[in-house]
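As written, the chains take the letters A, B, C and D, and residue 1 is the first residue of each chain.
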Amino acid sequence: MTLLSVENVAAGYDDVQVLWGVDLDVAHGEIVALIGSNGAGKSTLLRTISGLVRPTGGGIAFADADITTLTPDRIVAAGVVHVPEGRRLFAGMNVRDNLLMGAYHRRDGAAAIRRDLDFVFNMFPRLHERRLQDASTLSGGEQQMCAIARGLMAAPRLLMIDELSLGLAPRVVEELTAALLKINATGLSILMVEQDVLTALELSHRAFVMVSGRIKLSGSSKSLADNPFIREAYLGVPSAAGVMP
Amino acid sequence: MLYVQVLVNGLVLGGLYSCIAVGFSLVWGVLNVINILHGSLIILGSYAAFFAYQYLHIDPFLFVPAAAFLLFCLGYAIQLVFINRVMGSPVLITLTLTFGLNLLLYNLMILAFKADFRKVILSPPLGSANLGGIVVPIDRLIGMAFAIALVGLLYALLRGTRIGRAIVAVRMDREAAQLMGVNVGRIYAITFGLGAAMAGAAGSLFSVMFPISPETANALLGKAFVICILGGLGSVPGVMVGGLTLGTIESYSALFFGPEYSVTISFSLLILLLMFRPTGIMGRRGFQ
Amino acid sequence: MILRLADVSRRFGGLVAVNRVSFELKAGEVVGLIGPNGAGKTTLVNLVTGVHRPQAGEIRYGGERIDRLPPDQIARRGIARTFQVVQPFPHMTVLENVTGGALFAGGIKTIRQAKDEAMEHLKFTGLADFAARPASALTLANRKRLELAKSLATNPRLLLLDEVNAGLNAAEIDAALDLIRAIADRGITILLIEHVMKVVLTATTRLLVLHQGELIADGSPDNVTRDPRVIEAYLGPKYAARYAPAAP
Amino acid sequence: MTRLIVVATALVLVALPFMADNYVLRLATTMLMYSALALGWNFIGGFAGYPSFATAAFFGLGAYAGGVLQTRGVPMPAAWLLAGAIVALFAAALGRAILHLRGHYFAIATLVAAEVLREVTNSATDLTGGGMGLNLPVLSADVTTQARLFYFAMLVVAAAALATTALVAESRLGFGLRCIQQNEDAAIMLGINTRRYKVVAFTLSAVFPGVCGGIYASWVNYIDPTDVYDVLLSVKPIVMVLLGGAGTVLGGVYGAFLFLLMEELVWRNLLQFHAGLLGIIVVCLVLFLPHGLRGIGLPSLLSRWRQRTREATP
């Protein structure tokens, strides 16, 4: 059953069109990866789904409701939560308040919010340790954990994560991907934009490849990992040699 | 003894000053807008209190919440209708816009209230208290208490409530706040409304202690400048420190140089601060 | 000896960004500087280029002490940098962006000559046909090249490339690698601040590893990637298995 | 083509005083004065993008410097030029002190500078006549000759400001200032001595208003602090440049002409609510500017103008 469906979407900024006729879908409980080089339009697509950018063509439906022209606050209320590129935590606010900001739109009462707060604190113990610390003093990895936790506090039905691994030490990326798998196991669908194609394909069930604002290829992550075009363009592996440098 | 008296006068005055400046600091800190209207909004609060006392016989101190509410609505409307259209524009545009709005409001007040000075004369005058040789007018004492309570209230609201967190979030990262479901336009309007409400409340307190006329609007705006930069932008405690410091400086400079120099001294102090310590005593990134 | 740092330290409030870092660069070397986000890499670049002043230690360039000079004087002495977060002049054309470098730090007298010089650098970095376009219209990969062209136009002897390859895909990285080699061939000393291991391993002759503000390794790429402290702090066990050849 | 227009305008400007009556002459002189103020402001506000509200301070200081010199017997032209020099020195010192500030902080510093100067002038009664104002020696010439003299004086200052603007626009200084406006952190990295360039731009933005102040003092013969340090002298030139097109050479001149024409029509019929009307005009200009300046901000005006002139001149 499709949870999110993006049909023939076009979008851009002022005079520069970035997305051209994009089709993409995420089923219930699925992890979908959107891969492609930077500037291909991956972030623009997430920003269009979450309402920061208004599409100039096509339509976006979430749980059978049309969210194409809704404002971001209405889209979040519908259950689509976007963890933005660069994490963008609120400096000058401690970790706990950042997490509570995640629950800003929720109407389901303080008890439910406190329950979710405990859930994220024991999923990311380090956040509990640093809960009264200013968010800007956290390390790169901890900030990403906090950004994901903040997204979870919004009780999402679809979690969109933009650039999970950018700027993080490989060791930290391993920790985060493990956490995401645990979250997905609870039934939460995830759409992730990821620059590190290897991590993206290992983590996701299905993947879409975007080149200059168009979906060029899509399919199961397993099949894409072996696809010669992918290996050549994104894994930098001369397909003939097939061996890491 | 004289020095202690002057110090007490300064601190009492400073308490009121912090209430004058906190609304201005909130609007500047959160909306990144220099609100040239702030002085006129205070005077509007004073006139509301003056007429409420004259025709409805409501004591200005009791009128403070009403003045705050009236000005909140005006502030909310000004932001929604005018300033929201230029949010994110260069400093020049927002500053010139609030300058134009002030020219309009200031002259409407001159038209409506004429330029002559008015003051609330409480029928049973409160007189002044004598605390161990230090003479303090009671109305100023109550005024200071109110002022500090109001500043404390705003501080609590920003730290502890959902709306307060949203205001700080919008200040730090507008787009990220939108992604959390915050309606940014509404939060801007609420923030400007809160700034105007604090101005209205300060005006209501002010009407009991000082003669009011549209003319004093600019002087109040000037004080708000000095207090914000002295105390440091982006922190309510900073405004409190700034207000108390300015109050003390002004009362000592009145003692040594005479009252007419207090504005020159406070502005010269401002220029020196801007040259050497623009972040002020307690300037910080967030907004507590 | 083109650059020498001796016990350089810098704090921001309570956070120690760079802690007693010392290393030297010889003329013509291509050295990599790696470390996780927040390790202090960009702060180090800001210290060398005068954006921040070290609170302790000394920075010498060609024997002259420079850690007290303002950034423009350091740029005029031949130290150029690219910004990790690209900093173009958005509403000026690509050509005008690069002309700025030639006209000031590059020491060219007239605007016309500076424009011609700038055109050469655009050709070298493959941006010639974007010359008249506003910088804001460039893709991220081209903006990174614009940063490179601007810093080359200042006619540097030492070039600090701060994550000039971040966000590029494998094909774009190969192109960037060729460009870096071509710059090194001109005898320009390069300090390459990077995350992309592939670039660092192939392009550099020496590797510095920064972790929480401290230099924890300085040596050839091979032994640095096998250094246990580096693996624990930065690379992570899985990476070590995938890239570093089996320990002898 | 543009060369023809320039010559034609120059002829009209020179012939005007001999044809127009005193009312039109007074209006034209005021327009030339505000053109000089707007062109002056453009050096720091348009080129470097620093929101300066110091024009009133420079104008007022120039008025008092020129006025005091004339009461001490210094002949008019010398007094005007000396006033310009004094204001330039003041601006260079003030610039060095506050140009490390950016955005609102800089704007407030310049706003307050005018207030401090007004207070100082107010209290230095023996030198400046303080609050009661300063009377200048009356000229012996008849009214029409005087009107023409001040018209030509303002014309010279406005022309000088225009010429300097054109010169700077094509020079290293102009290029450097535009880099500073676009991205100051990147500019200093390219070797631009941003401190010196900003101080030069700030001083240029002061010298023309300073001379205008001196001429104004002689023209109106009596000045007082609230009149010559009026904050409107800082705000009107900004609104004129925004109206005419910021960062362009002629923007300030068009803006001054259009704005004063509009104000003259408004003034005619609504005397007592004049300032309130002015407020409405300013609000409308800022909110609904034809160039949609608000969103794009100053820089894109610059590049579009550059495109146009490059196409226009072969």
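Quick note on the criterion: a residue touches a chain if its C-beta (ideal position, glycine included) is under 8 Å from a C-beta of that chain, and two chains touch if they have at least 3 such contacts.
Keep in mind that this is a model prediction, so the values were computed, not measured.
K.L.:
Going only through chains that touch each other, how many steps at minimum separate chain A from chain D?
P.N.:
The least step count works out to 2.
K.L.:
Which neighbours does chain A have in common with chain B?
P.N.:
none
K.L.:
Taking mean CA positions as centres, which chain lies farthest from chain D?
P.N.:
Most remote chain from chain D, centroid-wise, comes out as A.
K.L.:
For chain A and chain C, let me know how many angstrom lie between their CA-based centres, rounded off.
P.N.:
One centre to the other, that is 30 Å.
K.L.:
Measuring centre to centre with CA averages, how many angstrom lie between chain C and chain D?
P.N.:
Those two chain centres are 44 Å apart.
K.L.:
Using mean C-alpha positions as chain centres, tell me how far chain B is from chain D in Å, no decimals.
P.N.:
That pair's centroid distance is 32 Å.
K.L.:
Between chain B and chain C, tell me the centre distance in angstrom, where each centre is the average of that chain's C-alpha atoms.
P.N.:
Averaging C-alpha atoms per chain gives centres 48 Å apart.
K.L.:
Examine which chains touch each other and state the graph shape they make (line, ring, star, complete, other).
P.N.:
It is a ring, because the chains touch in a row that closes back on itself.
K.L.:
So, with touch as defined above, which chain pairs make the list?
P.N.:
A-B, A-C, B-D, C-D
K.L.:
Quick one: in the complex, what on chain A touches chain B?
P.N.:
So the residues of chain A touching chain B come out as 50-52, 71-73, 76-77, 81-82, 84, 88-93, 97, 100-102, 104-105, 134, 136, 150, 154.
K.L.:
Can you list the residues on chain C that touch chain A in the complex?
P.N.:
By the definition above, chain C touches chain A via 14-15, 36-38, 137, 139-141, 166-174, 195, 198, 201-202, 233-239, 242-243.
K.L.:
Could you please specify the touching residues of chain C with respect to chain D in the complex?
P.N.:
The touching residues are 49, 51, 70-72, 75-76, 80-81, 83, 87-93, 96, 99-101, 103-106, 111, 134, 150, 154.
K.L.:
Using the touch rule from the top, collect the residues of chain B that touch chain D in their complex.
P.N.:
Where chain B meets chain D, its residues are 28, 32, 34, 82, 85-86, 89-93, 95-97, 99-108, 111, 222, 225, 229, 260-261, 263-264, 267-268, 270-271, 274-275, 278.
K.L.:
Can you name the residues of chain D that touch chain C in the complex?
P.N.:
Spelled out, the residues of chain D in touch with chain C are 170, 172, 175-176, 178-179, 182-183, 185-195, 299-300, 302-303.
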